[in-house]
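The structure under discussion appears below in the form of structure tokens.
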Amino acid sequence: MKCPDRRGIVHEITGFIAGLGGNILELEQFVAQDEDEFFMRLVWSADGFEVPFSKFDLSFQDVQKKLGAAYWIDDSEKKDRMALFVSGELHCMAEVLSQFYLGNLPVDIPLIIGNHENAKELAEKFHIKFIHTPTKEVDIKEVEKTQIDILSRHKINLIGLARYMRILSADFIEKYPDGIINIHHSFLPAFHGANPYKQAYERGVKIIGATAHFVTEQLDQGPIIAQDTREIHHGYSRDLLRRAGQEIEKKVFIRALQKQLQRKIIRYGNKTVVFE
Amino acid sequence: MKCPDRRGIVHEITGFIAGLGGNILELEQFVAQDEDEFFMRLVWSADGFEVPFSKFDLSFQDVQKKLGAAYWIDDSEKKDRMALFVSGELHCMAEVLSQFYLGNLPVDIPLIIGNHENAKELAEKFHIKFIHTPTKEVDIKEVEKTQIDILSRHKINLIGLARYMRILSADFIEKYPDGIINIHHSFLPAFHGANPYKQAYERGVKIIGATAHFVTEQLDQGPIIAQDTREIHHGYSRDLLRRAGQEIEKKVFIRALQKQLQRKIIRYGNKTVVFE
Amino acid sequence: MKCPDRRGIVHEITGFIAGLGGNILELEQFVAQDEDEFFMRLVWSADGFEVPFSKFDLSFQDVQKKLGAAYWIDDSEKKDRMALFVSGELHCMAEVLSQFYLGNLPVDIPLIIGNHENAKELAEKFHIKFIHTPTKEVDIKEVEKTQIDILSRHKINLIGLARYMRILSADFIEKYPDGIINIHHSFLPAFHGANPYKQAYERGVKIIGATAHFVTEQLDQGPIIAQDTREIHHGYSRDLLRRAGQEIEKKVFIRALQKQLQRKIIRYGNKTVVFE
Amino acid sequence: MKCPDRRGIVHEITGFIAGLGGNILELEQFVAQDEDEFFMRLVWSADGFEVPFSKFDLSFQDVQKKLGAAYWIDDSEKKDRMALFVSGELHCMAEVLSQFYLGNLPVDIPLIIGNHENAKELAEKFHIKFIHTPTKEVDIKEVEKTQIDILSRHKINLIGLARYMRILSADFIEKYPDGIINIHHSFLPAFHGANPYKQAYERGVKIIGATAHFVTEQLDQGPIIAQDTREIHHGYSRDLLRRAGQEIEKKVFIRALQKQLQRKIIRYGNKTVVFE
């Protein structure tokens, strides 16, 4: 939840939950001093909580109005249904599948959509449906229509762009307002757009990085979820940059997905609060 | 030295030095594959070397011509004479003075120039002359003329901009073509220009950083020498960003100065080779 | 404060503070799941709080008993009085003095005690009294007695061992049960005891580090407050290790002192909770 | 190669290679100052090199004797044949298979040996033979005999212990004197032996790490190839430590394998030179 900051919010909310028999398991709160905005993430046990999930909104509405709060509530036992979008480079997709296979990503992955065909083999190793939607020499609006249709049939609510090298239209993005996470292969805002490693090579930087962010209409401008960098030096050719960068991309992408799956991200303005 | 890459350069050069009785103490070389350019840093002992320092150019000219090499030679026992330029924030200057006092910076620091007066006390603690050249409500050309005059009288060959918040003119910079090192408080090319921490706060990045670079006419566009970053999170206010960033600035600035003092930097194009 | 974990602690405490007119400014809590222990740090404004500082214990005792809580309360406007202990290597002391001078350490530093004399000059640059207590060829018990006497006269409540190379006796340590912070030049528990960089060199590690910890009777075994590491490689001689390590030592030592000055550390068992 | 340091080694060797028509592609050298030992890695093109691979030893012997050099020569087009050993935790194995699949590990992996059966499925996804050699309630000598037999039949020359939780006998290790690389889940020498994350939790460290090393008879004491760490805090339970650590283990293990496959590691004493 988020709301304007004022005295006693924590007390109010914890009292509300406790009063209905809820046992608080996790509580993280944060006040953005410069904006006077309060953010909180609360996890409580459904055992012994008097209000069924479906009636929570009704039950909470007095407190919500009093605080002027926006809030989101989810059942932590219900898994997100995520689709991966992928192009020719498969390292981020491979990492997601590995982590998924090892049980580190609490999510369902019903399908992978690629505009190249080379991801098919890897997807199928992990028994995930692969759908090839080529984007060359085709009407991109038609492609997106097909994709949205597929996603909708599979009840996808979260999309991970695992180095998908096509720009999505505003219409597409609008359908998943909180739910498209992209991994960009630079430390944004540096080197947005195409070929960030080439740009980095030419600028002669001594660090490279990666950025996971929510996708918005503005290319590479959405709220940043996670970033990381590593040192490089003059000895890194364009190709070495690309390979060294892949390790950061994997790590940052997974971190962002995990935070999203655990509902640890709150968007505000073009920024994010990401609880630990 | 640097020259177009070809077979046998290392053999040629090591043979030249050894043939004149030089004992090679350090050798670092690097080939920029994409540009076919060869770079080498060589340190040898003057003991037993047949050619006096002043005659080296003459002695080396055959090899130099054969390889088409550009090279720079220095006497490692002769110290650079560095001036620091500083404004209101003193953490980079304080770090330089600390490291200098502890014997970690092999340099002479005859003077510190500031456009605020608050650095005077700290400079004088370390027995370094402080000269106040205000930059507000004055003719900046006159200020620069005064500064150049002072620098010249003190035989300064290296300038460290220790968070000096004024832009130097092309004329000024030209006088020190390899010798002005600036510390910028962002991971360039992100957030160049003014108020990088404010920019970083507003963009909601999850890392901050600092960049040491040679100063050129284009603001914050010169060859990068060193960079570093650290993770931050939503909990960092503008002020916390600034403080956290200071630690990186100090570290990156010192690293760049040390590399320059040890002649471990070779510029090429708008980039640098920085040997370890 | 800390207490056994149970339902409703946050609600109870925030209710207690709010009920007395206190405006909570910062709240951090943590539950050690494996030990079922609850930890909280709370900062509230004295403005409008009905209970004067001196009467807080009385006022809080019902809640305290109910929860079985241990707690510590401090006036954030009252500064700690810290003494530094130092031997021959001055980089940690220099960093503390720099940060202190720049206003980044909210503390008073009435004196520095050294068993070498070389710190005197630097201490006096910053107008801090330096006292030389040699530890060679003397009765160490007498030395400690003198030191304790000096510390007591200067009302010191916090001691920072800024690379002080003498072991303190149990009797000495006992007098400052929460108040001696040491910086050890390795990533403990690796390389405890003497000459950690030599040990690291001989073991051929690829990282070095530093550890700030509370001093206890067991040498280098006290609760760890902060640690950091950096990568090194085969090219680091013993001397380069030492120099590279100094930068980490400075950083880790300052971080630990800042946490202590802000009362962000809670000890439990031989461990620490360190709030952000 | 390695040899006692003296003047002119680089010149001598580069002259030898160039004299036989070899074009040097990569040259890295290092002098261990404290031990007066010289190390070099040289890659040259077989094209135009007059000496066939099989006759190199003969051709080089004069130089080798003159310098007192130990050296190792390999055909970079010939791939190592690596076996993975694995127990119940599969993250390191999964990472190797991912990187292998994506073409980042220039190696053949004919088989995976596990003392649990759960790795079978993942191995077979990547069409790698899995052999189950249980180690409970069996004669461990017999198990090792079987394993050695299998390895020998598959012409394995490199073994990667991808979190294999059994100690190998001296006899086994002896058969692969330079060829067993283990990933240990701590920043050695801290927390050697069993349960390093439990040890780390109990000691209350603020960093965790991983170490890749050559296996020798002394458990967790062999020459270190690569290490890395990351910061943690009091909020990491034993289980979170384990998960956070897995990411470092993967990274460090892959790094060590890549260095070994590229012949960038030279062992000396109980240490390693690892070229970049």
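By written order: A, B, C and D. Residues from 1 in each chain.
In this text, a residue touches a chain if its C-beta (ideal position, glycine included) is under 8 Å from a C-beta of that chain, and two chains touch if they have at least 3 such contacts.
In this text the structure is predicted, and so the values were computed from the model without any measurement.
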Same-residue or different-residue interface between chain A and chain B, half as cut-off: same
Centre distance in Å when chain A and chain B are each reduced to the mean of their C-alpha atoms: 40
Where chain B and chain C are represented by their mean Cα positions, the distance between them in whole Å: 36
Per-residue multi-chain contacts in chain A, two or more chains: 235, 276
Touch-based graph of the chains, sorted into line, ring, star, complete or other: complete
Residue ranges of chain D touching chain A (in the complex, touch as defined): 90-91, 94-95, 98, 101-102, 104, 122, 125-126, 235, 243, 247, 251, 276
For the chain D and chain B complex, residues of the former touching the latter: 7-8, 10-11, 14-15, 18, 23-24, 27, 29
Complex contacts: residues of chain D adjacent to chain C: 30, 32-34, 187-191, 201, 203-207, 209, 223-229, 231, 233-235, 237-238, 269-274, 276
